[in-house]
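Before anything else, here is the set of structures, which you'll find just below.
You will see two complexes here that share chain A, one where it goes with chain B and one where it goes with chain C.
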Partner chain A sequence: MKFVRYAFCLASALFVLSAPFFLERGTLNDLWNLALAVTLASAWNILGGFAGQVSLGYSAFLGIGAYTTALLSLRGVDPFLTLPLAAVLAALFSVAIGLPAFRLRGPYFTIATIGVGEAVRVCAASVSFTGGSSGLRMPAGSFDFNHNYFSMMILAILTIALAAYVKKSAFGRALAAIRQDIDAAEALGINSTRFKLAAHALSAAVVAVAGSLYAINFQYIAPGSVFDFQLSLNIVLMPIIGGVGTLVGPVLGALIVSTLQIKLLSMPMLRDSFLFIYGGLLIFLMLFEPKGVMGIRDRVIAFFRRIARPRTGSADAA
Partner chain B sequence: MRSTLMQQFVSVALNSLLAAGLYATMAYGLAVIYGVMRIINLAHAGVMMLGAYVTYALFTRFAIDPFLGLVIVAPLFFLFGVLLYKLFGRRMAAPGNAPSIESLLLLFGVWLVLQNTAYVIWTGDTQSILTSYTLKSMEIAGVRVGLPSVFVFLASVASLVFLNVLLKRTYLGKAIRAVTQNRDAALLSGVNADRISAIAFGIGTAFAGIAGAMLSSLMAFTPDFGRSFLLKSFCIIVLGGMESVTGVAAGALVLAILENGLAAYTSVPTSLQDAVSFALLFVALVVLPRGLPGLLAVFERRRAAQ
Partner chain C sequence: MPPDALLSVRGVSRRFGGLLALSSIEFDVAPGDVFGIIGPNGAGKTTLFSCLVGALAPSSGEIWFRGKRIDGLPNHAAVKRGIVRTHQIVRPFRAMSVTENVAIAAHFGAGRRRGSDATRRVRDILERTGLASEASSLAGVLTIGQLKRLEIARALATEPQVICLDEVMGGLNPAEIQGAMTLIREIRDSGVTVLMIEHHVHAVVGVSNRILVLNFGQKIAEGSPQAVLNDPAVITAYLGDEAK
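What follows is the complex of A and B.
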């Protein structure tokens, strides 16, 4: 079973990396968007899923990454060289936000992050060096889609691998302990603030790099696109739809949401019902299955196990 | 020179007071629901937006004045709130004393659905209500203020006074306060907490609708409208200590003074004004988790210790 899983992962990685040789540009574009979604969802899941700290302010990190890259490229730096700096800046910002915000628990933390995300957007739209609300255009001549495609794919693969590593490590187990019962975790000697800060910084750095690649690929960024609240919302929705705290869940959720988006955009009739679908899904899942698609899968498996096994329970007891 | 300073001060104070009335109304809707059910109603923003659009519909279809429309809007949204509670309420009530992430996300979903409903019915275009008095102004203590903001203030005060009487003088009010203070104890003494929660959710939703209706007479709106007001309301109830009417009023006044003061006395651009309240929300959550009443209690204890 484990072998099948590894083989499947390897096959999908090989497929997306070799896709440019046999797929056309439009499909590759869709794949790029999918990989972005997978990256964002998996990165958010490190803090939101593993540690259970639901943040609605992740567009701030994407925006920091995108603006770092755009501002430096406009001053003549090679865009791909700005990625490490974007990651470091976002990580530092995440610590600055996290230090006070992690004193808050559960929904209070969530509300505080909405405030941070909105404050950052408003600031980016009104200070002058970011180009205000009209945004920034990347310097001409820095565009090569093949580069962008491969870097996005590699980032997505690395993010999934990172999430898998974190989940298995002692660090991931500490995060799980914090999610399940923060007081018990503290009693066991886990410095919850430090672990939450580390998880926040790690996922913020990944999201910032994704933001840099976003700026490089779209060539134009504005507060309304990279700092948008809708974006923060999407980042949260994907793991929730797929299954918070699992490895496969965010990937699944990202695939579902992006496919929906691509399909809906091609159907003029349904183009205006994004929010119905998002909102409806959210209401449905929270009412009936807060663990998302993965939770539904577990239920189905449990159901079939119950049917497959003959009723020996009473005989055993007797 | 002195008189202009004085004039400016009076103007800031008056504008703060007028804004605080509206802020208190919209924040109170959030506070009553939080108090009784321990949930943060993210759908509040959607309800405010809907309140604005219903007022707009009443105004354009039936030529009903926005402020007269409140008589229709308030009961309508009360019923809407009770309906929402009946649909989702039992799943929303948190088991412990802290709100659950699930309820937060559920109500977020409701907000999105409301937004899309408004898009479908009224499209995404910016709408506004232009009455005969929208652009008129009057003079109070030497300061010119817009007539609609005066009406909004009066309507806010009226609804808050009504609410205070309801809470202080009736059985329903006592029951709401009892459930807010201690749900289990209220249940033990025979209060039907489920029914009280439904009514409280209705009252909270009605106040959001009223706030939305009043906002519609002050500014233009789109289906996306309401998010910054949700954050402001939240900031206010955090400052006000989450539960009491007086606390909410104090929180509203603090936010309004801060916004108007910054606009008048510093060179912070108006586009950054919203960032001020978001930052204040963050600071208040972190530094004053129990709000201004908590801060007062700390001072009180210090004085007692001396």
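What follows is the complex of A and C.
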């Protein structure tokens, strides 16, 4: 079973990395968008899923990455050299917001992050060096299709690998303890604030690098695109639909949401209806299966196990 | 503070708004003690434990542990110094196995155990607390007796010098209470000093060498079990004025 899983991961990685040799550009663009969604969902899941701290302010990190790259590229720096700085700036910013925000718990933390996200957007729109609300255009010649494609794919693969590593590590177990009962975690010696800050910084850094690649890919950024609240909402929806706190869930959720969006955008009648569909999907999942698609999968497996091994008495207890 | 005290509580008060939950509490715990804390409901016993480990900050007063002040330290830092508490209302990580629950404490507690060292330590503690047969069960499926023992197992896994047991016998049947008393003696014999809140007066008297009695946030008596139980103030607190 484990072997099958590794083989599947390897095959998927090989497929997306070799796709430019046999797929056309339109499809590759779709793949790029899918990889961006997978990256954002998996990175958010490190804090939101593993540690249970639901943040609705992640567009701030995407925007910081995008603006760092755009501003430096306009001053002649190679866009890809700006990625580490974007990651560091976003991580530092995440600590600055995390220090006060992590004093809040549950929905109060979530509401605070909405405020932060919106504040950052308003700031970016009202100061002059960011180009204000009209945004920034990347310098001519800063786009190379292959560089752009491969860097996004590699980022998505590394993000999944990072999430898998974190989940298995002692760090990940501390986050799981914090998610399940923060006071009990503290009572066993876990410095919950420090671990939450670390998870926040790690996922913020990844999202910022995704933001840098976003700027390179779309060549134009504005507060309304990269600091959009709708974007923050999407980042949260994907893992929730797929299955919060799991490794596969965010990937699955990202694929479902992005595919839906691509399909719906191509149908003029339904262009503006995707919010309704997400909303409906979300309500349905919250009511019937809060663990998302992964939860449905677990139920199906449990159902077939019960059929295969009928009434031995202990099966119900287990 | 007396030179032989491991833990010294000096004038500790804790206020919740207008309620004085603890009022200038003073006592000392020597190494090797089993120090019982009794008192009617709402006397401030659990609040006292919360202050000792830093889950709550005292409103005033000082707590000295191993020669250093620990009041005001956050809970996780107090644990790393070697003082830990269990919860009266059990708080397991329900989605984790029993082993994982205990392993987290071994990793992040004062012992900071890693790798095979941690594994050995965890297995040993599960054995001692009678949870070995449930090692791979999810904590969410345990019985209340097992959950109480899991609380103790996790606290022991942090490798404390002082363990504060908050009503670990609540909800247990007589046989389980006997088992818990044996376990507490074994913990003491392994060199860990025990503080215990307990409603089963019989059990506290059976294992403690000193007892502190709280009522309405005040210390009303302290001393050997027999002396405390014969104290008129204690009898009044438990049985009312008529009992005199």
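Brief remarks follow.
To be clear about the criterion, the second predicted complex is superposed on the first by the 313 of 318 C-alpha atoms of A that agree within 3 Å, B and C clash if a C-alpha of one lies under 4 Å from a C-alpha of the other, contacts with A are read in each partner's own complex, and residues count from 1 in each chain.
One rule holds in what follows: a contact is a pair of C-beta atoms (placed from the backbone, for glycine too) under 8 Å apart; a residue touches a chain by one contact, two chains touch by 3 or more.
A quick note: this is a predicted structure, and the numbers were derived from the prediction, not measured.
Model built by superposing both complexes on chain A: chain B and chain C fit together without a clash. In the overlay built on the shared chain, the residue A:Arg173 is in contact with chain C alone; chain B does not reach it.
Of the two partner chains placed by the overlay, only chain B lies in contact with A:Val54; chain C stays clear of it. Once the two complexes are laid over each other on the shared chain, residue contacts for A:Leu188 go to chain C alone; chain B is not touched. For chain A, the partner touching the most residues, choosing from chain B and chain C, is B. In the overlay built on the shared chain, the residue A:Ala7 is in contact with neither chain B nor chain C. With both structures placed on the common chain, the touch criterion links A:Leu265 to neither chain B nor chain C.
In the superposition on chain A, A:Leu81 contacts neither chain B nor chain C.
By the touch criterion defined above, A:Val300 lies against neither chain B nor chain C after alignment on the C-alpha atoms of chain A. Of all C-alpha pairs spanning chain B and chain C in the superposed arrangement, the closest lie 8 Å apart. The contact sets of chain A with chain B and with chain C never meet.
Note for the complex: chain A touches chain C at residues 170, 173-174, 176-177, 180-181, 183-192, 317.
Remark: chain B residues 40, 88, 91, 98-106, 108-113, 115-117, 119-120, 227-228, 231, 234-235, 269, 271-272, 274-275, 278-279, 281-282, 285-286, 289 touch chain A in the complex. Interface residues of chain C, counted against chain A in their complex, comprise 53, 55, 74-77, 79-80, 84-85, 87, 91-96, 100, 103-105, 107-110, 141, 154-155, 157-158. Of all residues in chain A, those touching chain B in their complex are 52, 54, 100-101, 103-108, 110-112, 114-116, 118-119, 122-123, 125-126, 229, 233, 240, 272-276, 278-283, 286-287, 290.
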